[in-house]
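Provided herewith is a single structure, encoded as structure tokens, for subsequent inquiry.
In this document, chain identifiers A, B, C and D correspond to the written order of the chains, with residue numbering beginning at 1 in each.
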């Protein structure tokens, strides 16, 4: 289950090996032997050595030109998340101006901006769509299964509104993030800077592609189904009548309405996937900041460092904690919606898995979608738990501080790391740690066992029954 | 879910902006720049500056006469809670004399007081009513649903007795509260003092109005129902026969009995709502005391303060903790009854929501009542969790103490904040924190899923069936 | 629920008021005013004053001769528990010699002692009885309900064996207890010394009487039942055939066998009740030792005490913790059996409460037994949780140590109190705290809700069905 | 439940008594009295005494030649685990060279080694077998019960792959373990060194024998069953047709296939048992390292030791923690598979226990297998929890450090022990502590209660039904 973050790490290591010049390798050897010597030597002599080493290192990046993208990146979260937000803007979320700009000070939010208007219009359109769904559901017998469209559209609507609110805070948040980042110990190599951005891009890319694949499969299975239950002669009309039954429950068929419905569906599906990915991306960003600090601590692990060093690191750690807190306040509603949504949908889909699948297209779509859902939930859980894990990792280096340099500052730092619970949360009702994964899994199994008792095999070929893409 | 406390905070900020004179704003700027300078300057110079600032500030309140009520308030819990207790006294609870007095030393409890007598008489009357309910329930088959009247009247009775006991302790409690309050760092503006009282009034007002609305709706639906199931020709008699079936199960109809039953019903409903509101109000009071301390700490955040300053704050924090403990001892039985009641009633009502509603009046009443119940439970949970949240917030300011002024007193303060669990509790069996909300929600879902299996659709138009307003 | 320990406290206070001579009252006043002065005065002057006070106090006990028993008691656990163990010995448990002796050094265990022989013989007899029960149960269809006799006799057997093992350790345990007790700050009044022993006696007395009452009721209901289902002409034979059906399942009726069965039943019932009471009594003993320490700390709360004072208290606290640990190791299997037994029996009895009672005698017996069971479980839980509660209370006094006398020893003491989990446990699988009560209650409700689904109304007048007293 | 580790301890003590020469006993007395004196004496004098004692002790082992094996052992984990790994290698797991070598530096892993090839071939063979099982299961209706073969073969396959990966890390792990071990305070007697190895051997031996007995019983019951449902005339063929139904579901009967199936079955069964034993053995190793440290601390309990002593112990403790962490990273997937497997199989077997057993052979096999399963699960849980328990035990000795030698190093050591959670884990999703046992038991009971509702009595004499050995 730790596979996702592990795979990345391996990729990174592979690349590291390839990129590292022989000069760096030699430096590492020097560093390594120095580390061993340090236990006998006094602290002062070693410091001078480190300074020289630093100066040498600062010359290194100019040599490693293997990767163009790596060269451009300055390792900031603002830059890494730029393209992700651009995609979101295209899908009517997060209407902030200047997301691809070099500096977070270029970010701005305005109600009169074209993106904001698009976003507001789409929210209005979603409200109408949600209303239609609600109307249809309330006019049919309600069950655990039948409220799926309301849960789906309702949470999409909620996320849209939260995202709009978040967009207004985004410029300030990014400025704060920038301040914290600037203050952190910098990576000496381009590779270090490039890592976070790369992970974020990969997560976004893989997530989008899988989500796209799922949508295509859903369309195929819907077309398959619609052609079987011929309501009209027109196959396209049949398809739209099926997939937007909440619209044609109140209105008669018309092409503009059908297109609007399709548009709504595509956008909703994207936003529904995007909220999970957004939580993942913010988690990757926060975890990577803790890792940046930990990497620095690892470099000086077991050495006699001055109290000033520890004081600086403590304040940097504190800053990341505050950053974590601010981000959590800003996105915790999204996190909450994302988790409860996944919990509900996994329960529903697992329950549906007891049905006999009417066709191969259905079966392929259904199992792909179920595995994608579980995988996505697991990925969100593990990535967001990694913030907590990384924040606790600092303790490992603090435990190795030698007796001689154990000072009040290290003590204070240690106590702060021990007593603080640094983690993303769902409205502070639950904290995202690895233990949560187990309790969520346990909850799903328990609910599932109880729900199975109410399950009756629905005949999916029953054409009167509502079908939801 | 954090909406309730958030809304308030927003309102407060809005008002702050309006009220603040330009003089205050300038002072803020001075303060802000001073804060930045302080990192370079020595502690002593800055202290003098703060003194001058203090003197200036003390002149300010005389200028802000925008709000009359704000001017009167001295920010004490005794004053803020006065009218709330007056209402309670009208409903035969908490018979303490002098609740609207200026000073808590005027409070007194006496067994010979008219309020106490009224209270005792009402308790006796409630015992009789409870006995009648018990008799009726035991003479019918018992189910999860049918014991509702006993749970309702039993818990009202329990709360009445606890409130009487609490009334005897109230004068001492308020005196202790007064001592703690006097010692706390005072708000410099009338607005700061006015906040807590205002929040308490608003909670009381909204709670009372919703409770009143619910009762009206319940009456309409009962009248509707009674007129359908004509037992006698008199519609009023029908109504009373329905809503007080536990009385007319043993006695034949008579107007005085009917009026007594109605009186009992109205009072019980109020007390049932009041217990939740009382827990909320005490929580608001305690949380606001922690906030008062935190506001002072925020003003000096990151500055070099003397050990005496921290020692004072630590003792003040300790005092609020002791206050919290005393209040918890006094009201924890009410808290316990309130929580278990809400848990039970939500389960019952959710189960009833599966019934088909016989009329629009019923449906409106039922859903209004269900939403009110859930909302009230959430409000109690969140307001009471805010005591814990505010008490932990102190840590945030202690984390920012600069290295230079890190002294044993700050260390001790920090350790005490970390290791103490400051929260209201239900008889110490559970502590009221935000995590509790999730576990309560989980419990409700689990029980509901199991209970659904025993559910049979009750025909509410079945006139023989007991109907409970 | 906190009522049990509270009632005692009240009684104690009442007695205190009555017993206290006017001299003591004056001393209290002196002490009180001195406490307030101490914040201004230097530590040394006050110490002298305390010394004088001590000398005065040491003269006091000679004056209060109001209670003869109080005069005799030396406040040791060995003395307090003596009569309790004597009763146990009569019922073939804990065969230790010298339990009523003045000093724990008189305690001894020997395999050749008459008590030990009786105990071993009874264990052998119980094994046979258990075997018969097992044989009968395995020859009938097994259900959650039908295994009750095995659970009952099996746990009684287990407790008997553990008690025999405990008896061998008892002399050493009591010696260690004596060492810890001698070292603790002594109560100055006979009343203080008398309290623990009195509580233990009362718990034993009330427990025994209720258990006796339950057994009488069980006999009445069994006689009632046996006379209805006449198997033979002899009513006494009928009764024995019913209550010892596991014996007469394999053997034909004979008076000696019937008497042996009756004897087994009476003894088993006592032992089954005794294990709960034993856990309670040990808990009372341990909690009272913590209280003794806390009472001393309260006397000097907020005063400037020397580091030596704190060092002594810390070591005393440590000693009680070690004592707690040793006792827990010795009795944790009994605790575990007691808790799981109560959990199982409450589930079974609650389930049986759904049956319609065949006669008034049955109903009275059944509800008395159910309430006794729940009350006893609650009492065990709360008394054993009080050990944990008292051990945490020490923190309250440590929080009030003034700044001036805050020294490394106080710090160490505080940290030890915070980080240690002092509580009785069930084989370390769970710790007995107040939170456990809630989770046990939750578990019972959940299991009950699920078990109800398998419930079929058993006709208790069905004479073929096994009936278990 | 604590019986398993307790039994060992007793055995050890018994042996100790026998082996100990009178010289050692006298030394103990000297040591004991010295310990008491130490509170009055100065630290320096005592140290000299201890030195002399040390020198005396170092002469002791030469005298105790009672046990040959004890003489050989050097107390290293590498040596203790050698034969265990040899057995594993025979069953195609952990293909490391040099496991029985004297020094861990002789360990090596190579892809070209014969063991590795055998292992890879067996994995390939298992994949085929797993595929066949999967094919058979998917071609029948799926239920909680019917997926047992997939779960079984799937987890065996997973463990095989993890073990291969672990084999590659093993040389480095053992080298690290060796470094940590060398640095620890050494046992002065051969007996101390011999303990861990002996425990590991006994666990392995008992585990293997029980597993072998279970397999024999399973064969007998399968032969019994096969002879009843005669498919063909050949009884051996019948047996193989039964036990390898997943093979003969796709292929017709042939002797090589049957032998391959049998081979697969025997090996899978062994590996399935081995994974639990492996977790136990690693736990015993880690716990014994903590015990080694604790034994040293106990020797100097309550004495005035120098800060250097504490600093050394702290670093040793830290090293074992790091070792624990590394081992956990390496085997946590095996732990996870082992626990979830046991959880699933206990649920399935308990559910099957409701079936009526068709023959005595079946009943004996079934109950033996169920008890073995529960016992094994309990043993894994308790042995792995002992790592956590031993790591917390250190605290006990730190609490007894006298006031005079309380120094920053002891403080730091104490804080580290308190705040670190040292325990094996299942992928960090859960930590293996004693509390886990209770929650696992609770989960099993809950699931069981729910699952019973779906249970239908399967007729095991139904010859068409799949039977799984």
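Things to note:
To be clear about the criterion, contacts are C-beta pairs under 8 Å (C-beta built on N, C-alpha and C of every residue); 3 or more make two chains touch, one makes a residue touch a chain.
Computed from a predicted structure; not experimentally measured.
The minimum number of touch steps separating chain A from chain C is 2. Listing every chain that touches chain C and chain D alike gives an empty result.
Shared numbers divided by all numbers used gives the overlap of an interface; between chain B and chain C this overlap falls below half, so the copies present different residues.
Between the CA-based centres of chain B and chain D the separation comes to 54 Å, rounded to the whole angstrom. Chain A and chain D have Cα centroids lying 38 Å from one another. Each of residues 415, 446, 450, 453 in chain D touches at least two other chains.
Screening every pair of chains for touch gives A-B, A-D, B-C, C-D. Considering their complex, residues 311, 318, 321, 408-409, 412, 415-416, 419, 427-430, 443, 446-447, 450-451, 453-454 of chain A touch chain B. Within the complex formed with chain A, the chain B residues making contact are 1-2, 389, 395, 399-400, 403, 406, 411, 414-415, 418, 434-435, 437-438, 442, 445-446, 449-450, 452-453.
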